[in-house]
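Next up, some structures in structure tokens.
Both of the next two complexes hold subunit A, though its partner changes from subunit B to subunit C.
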Partner chain A sequence: MIALPILLPLLFGALCLMAWQNPRWQKAFSLLGTAAQFGAAIWLLIRVQQNGIQHLQVGNWPAPFGIVLVVDLLSAIMVTVAAAVALVVAAYSQAAIDSPRVQYGYYPLFFFLLMGVNGAFITGDLFNLYVWFEVMLMSSFVMLALGGERPQIEGAIKYVILNLLSSTLFLSALGLLYNLAGTLNMADLALRLPGLETGNQITLIAMLFLVAFGIKSAIFPLFFWLPASYHTPPVTITALFSGLLTKVGVYALFRVFTLLFVQDTAYTHTILLIIAGFTMVTGVFGAAAQTDLRRLLSFHIISQIGYLLMGLGMFSQPALAASIYFMVHVILAKTSLFLVAGIVEKMEGSYNLKELGGIYSTRFGVALLFLLPALSLAGLPPLSGFFAKLALVVAGFDLHQYAIVAVGLGVSLMTLYSMTKIWNEAFWKEPKDPIRHAKHKPISSWLWASTAVLVFISLLAGLLAEPLLNLANQAAAQLADPSIYIQAVLGVAP
Partner chain B sequence: MVFLLAITAGVLFAAAIYMILRRSLMKTLVGLLLLSYAINLLLFTSADLVPARPALVDADSLLPPAMYADPVPQAFILTAIVISFGLTAFAITLMRQVYNILGSDDLNEMRCTDVPCEEVEIASEEELLEEPL
Partner chain C sequence: MHRSILLSAAARYLMPLMLVFSVFLLIRGHNEVGGGFVGGLVATSALMLYAIALSPAALRKLLPVEPHLLVSAGLISALVSGLIPMLAGKPFMTGLWLKYPIPVIGKVGTPLLFDTGVYLVVIGVVTWILLTLAEE
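Entry: the complex of A and B
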């Protein structure tokens, strides 16, 4: 039953393929499929929370010989948030995706992308993780290039080449690790690696994994493909990518740097912390220079990745818990911002901040939908971003990591600057062309309703900070002690 | 033999990185192909190769004879080959599409993602004019 997050997208992806000629059926399947997936994810989360780590030995081959699917709390949380985003984006797609893209297979690709993402979240085997990454990448390549506009194709070239490079690096790291340990089952690796006399070899492999996953999660200095490609496809696809793809990379970093590579944390996790600082700063400064709404938000994706790495780099249970809560917050807030950007474009016909203006006076609702996730991203109470950053800062003070805390707070202020810039330019200032502004097009209720739901969920994540942080803390407790994971999968105590 | 394989993999890696750094898209693609070969060889070598000892089990025992080559990396390679086949096929179609739209396979001309497309087109036309006839 824990394979449902993989099987449901596969089933509905296949159904959409069968209904190739019939977009109306595909649209219905997309809503049904993502709703079913959301239900399954909630069920899984409750079950893991009550009964501890769940696992499934595929084909009944016992671990470590067969492939094993493992759902711990972190996986379950990620699957649930991903399913919520998928459901909202599916509803948004009903009106936002033009019919040529639907005819050329938007919905099947959407489901196969989800299958890859969920597979990466719940697999317990590193080689299997590679395969899920490829499933996800392949769908994302086609989704990015779908439509074939010139910027899209150019963005896709950059995205494809750098991601292929990252996959091959990942594969070579797998080869070296297998040579060292003789297994790629994560629990088995966690059991064996501490006993091996490997010297620096294991740190070398850890760094290869860092580069491979780092390209995928767009950390400094490997992020260049992201601002070059994410703004090119329709904003629905960008929203989906921003919510899911880079976060899978971060999830993989969390998995390997809490379970496997914890031999030399003074070296590896210090590097993570330094990278976290640079990622935050470069992302936010890159954003400050942009005037295109989508490019500005794309740079903010990078900056927020830095906060996620900050918790991992500090490597204590409260810090990990803060990062997990931050991940939930940033996925919800970021995706809502992109969806609002899509609504703005539909209304005013532009993403350029210089050409926008006056939305606040004519469309108060849209302005509110933007304001809530934007302030949340900047970290104002009582929104989720405030609690996420507060938890990170408190964890940093406990560990006396004052430098990174200072960087984090400074970047937070810069984020607020970026968000006020968008607010001033797009929402508050006088419209540049009042006549064109006055006759803006009506917005499909699919668009604003789905965005409003996501903003509401994001709001809930802030209002329910206490129970969510408790959940994140339980997830972090599982990460901080690898023996729980090993015990659950292999049934032996290390 | 492991030594020879390691050298070959190393040379392939070097050639691949050189090719990936070229400006022409086609050459970059060749680089990616070479890179996947290099990695397949690396995976193959990671099995601690033993010549002429297949991992077959004698009729009266449960384990293969000692010092056999590990077959698992070969399964990895098969998977990796299939995946890289699919990715390469996609990459070639994408590059064909790029050529159709841009009329060029020069990576330096793909700046539409950073500046508006109109500016890129004007710039490249100016370059054309400057070229001696």
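Entry: the complex of A and C
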């Protein structure tokens, strides 16, 4: 039953709505629901890995006419990582989300957001993808604005306006594409597009999709909404968004630029590669200028998106595999860092690096929880970030793409600089206000335990690099050859 | 606020009529104009007419359940309508119909249950939003 990743969040979202006046039940449902979803995701991953691409014709309407749900390895991996993040964030939320936010529907929104994310991962129809994007956008917009603090509203408005622009472009591109090909089923499109005599129209549509998904995934130069909005809500929500939302945009780019728009790769994928370079560089330079922990980490989200695009732009099987592994790595590491930032704020009452200090001497555990994902993000062995970058670099050398490899390595050094800056300022230096520092508040065990679990998973991703890279390689093999996807969904060979 | 006697007298009679009409739209909707969404909107406008003619508090009293329960029930019945065919070994969301039409209602099947879900969600959400705004 491959629709489970959509149905479980729907069910638990409805249950949380039912328990509107009863936060305790909602909290219990959130743990139960995300745990069930994680189980379903693992089951799905194993099944897809063993039996190949799974698909479901919803309502028994055959493939190009009805909506299909398709789970290939990439989708299954994304669903699994998203479910792991959701489970950890649900546990973290138990202590981190204040009761007014729970009363105004944090948990139902949480589940509807997950439903949108999972729906986007497993749909096999481009219009349906649009619908899931809207589900995601609406839930995330309300989550951003939940609580109604002044900066939140400002951030949420920027967020929703730019994302609505993206949706409009997406919808226009869908219209043009439907006009051209007469179908929006992804497998059917992949079958028909190569045969169409359309000149540059497909490339034009591809660029519209690039801009639409580019806004969602915060690539250069469309990322401005992200640093303007991500630091405004409680850090739990930012952690969830950083792990899931931009990655859905990147997933959509992966899907359309491996399955559909592969006619003129010399043009389209070179653009992707150039954008990848600029995204990495601007993200990391933006981060260097920040002193607010959340803003700094938000800029790093952007810079890491560049690495994901780098593999897609190089467009070879090893490069795609490297990007998929990188995606797993960055979702785990980035979410952990935001969760740690939340713990730091709970302890010291600030996100400002200038005011923080001395955490290493009093709270060694928290310092360690920060250090591991931070070094992983910077790419130090034996952590997952090292293997992810190594795989990308090797793939780049194979294709003689020296320029982008050089950029990637340079940005990696800058990332290390940023992480060292946080370490020096927040953890290492003498606290600015020793008296306040000495009486920091105790931390709920939900917070550190859930963060520790995520950091541990992220460590595992580094220790199990070889089997994971193997899995990513299998996923990339499915992406590199669209005929596998077409065959699985439509049952005909192209 | 000054209440109009004419409006409140008319609302008492109009509201039940509109509610019945909304159910008619709901049932008619599968192959003809109508459906859960429109039906839900008509039902909500009936409720809102009542709230405007009397008061939002009066509507709260009249509603047997809280709006969020309607949303929840609607979502679950839509979900169930998708799951029923799976018990019969068909894919998720396959439309299953009773063999013989029921008098007055007509053909009954899982799509009607789905539409009822939509109907409830629309009533729940719109009433919830409007009541919240009216009570501000």
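Just so we're on the same page, the second predicted complex is superposed on the first by the 494 of 494 C-alpha atoms of A that agree within 3 Å, B and C clash if a C-alpha of one lies under 4 Å from a C-alpha of the other, contacts with A are read in each partner's own complex, and residues count from 1 in each chain.
The definition used in the following text is that a residue touches a chain if its C-beta (ideal position, glycine included) is under 8 Å from a C-beta of that chain, and two chains touch if they have at least 3 such contacts.
Quantities reported herein were computed from a predicted structural model and do not represent experimental measurements.
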Does the superposition put A:His400 against subunit B (first), subunit C (second), both, or neither? neither
Of the partners subunit B and subunit C, which touch A:Arg24 in the superposed model: first, second, both, neither? neither
Is A:Lys441 contacted by the first partner subunit B, the second partner subunit C, both or neither? neither
Could you figure out whether subunit B or subunit C reaches more residues of subunit A? B
With the two structures laid over each other on chain A, which partner does A:Ala145 touch: subunit B (first), subunit C (second), both, or neither? first
Return first, second, both or neither, reflecting whether A:Val58 touches subunit B, subunit C, both chains, or no partner chain. second
Who does A:Leu176 touch here: subunit B (first), subunit C (second), both, or neither? first
Taking the complex as given, what residues does subunit A use to touch subunit B? 127, 131, 134, 137-138, 141-142, 145, 148, 150-151, 153-158, 160-161, 164-165, 167-168, 171-172, 174-176, 178-179, 182, 228-229, 231-232
Subunit A to subunit C touching residues, read off their complex: 1, 3, 7, 10-11, 13-15, 17-18, 20, 56-60
Residue positions on subunit B within touch of subunit A in the complex are 20, 25, 28, 32, 35-36, 39, 42-43, 45-48, 70, 72-73, 76, 79-80, 83, 86-87, 90-91, 94-95, 97-98, 101-102, 107, 110-114, 117
Can you list the subunit C residues touching subunit A in their complex? 66, 68-69, 71-73, 75-76, 79, 82-83, 85-86, 90-95
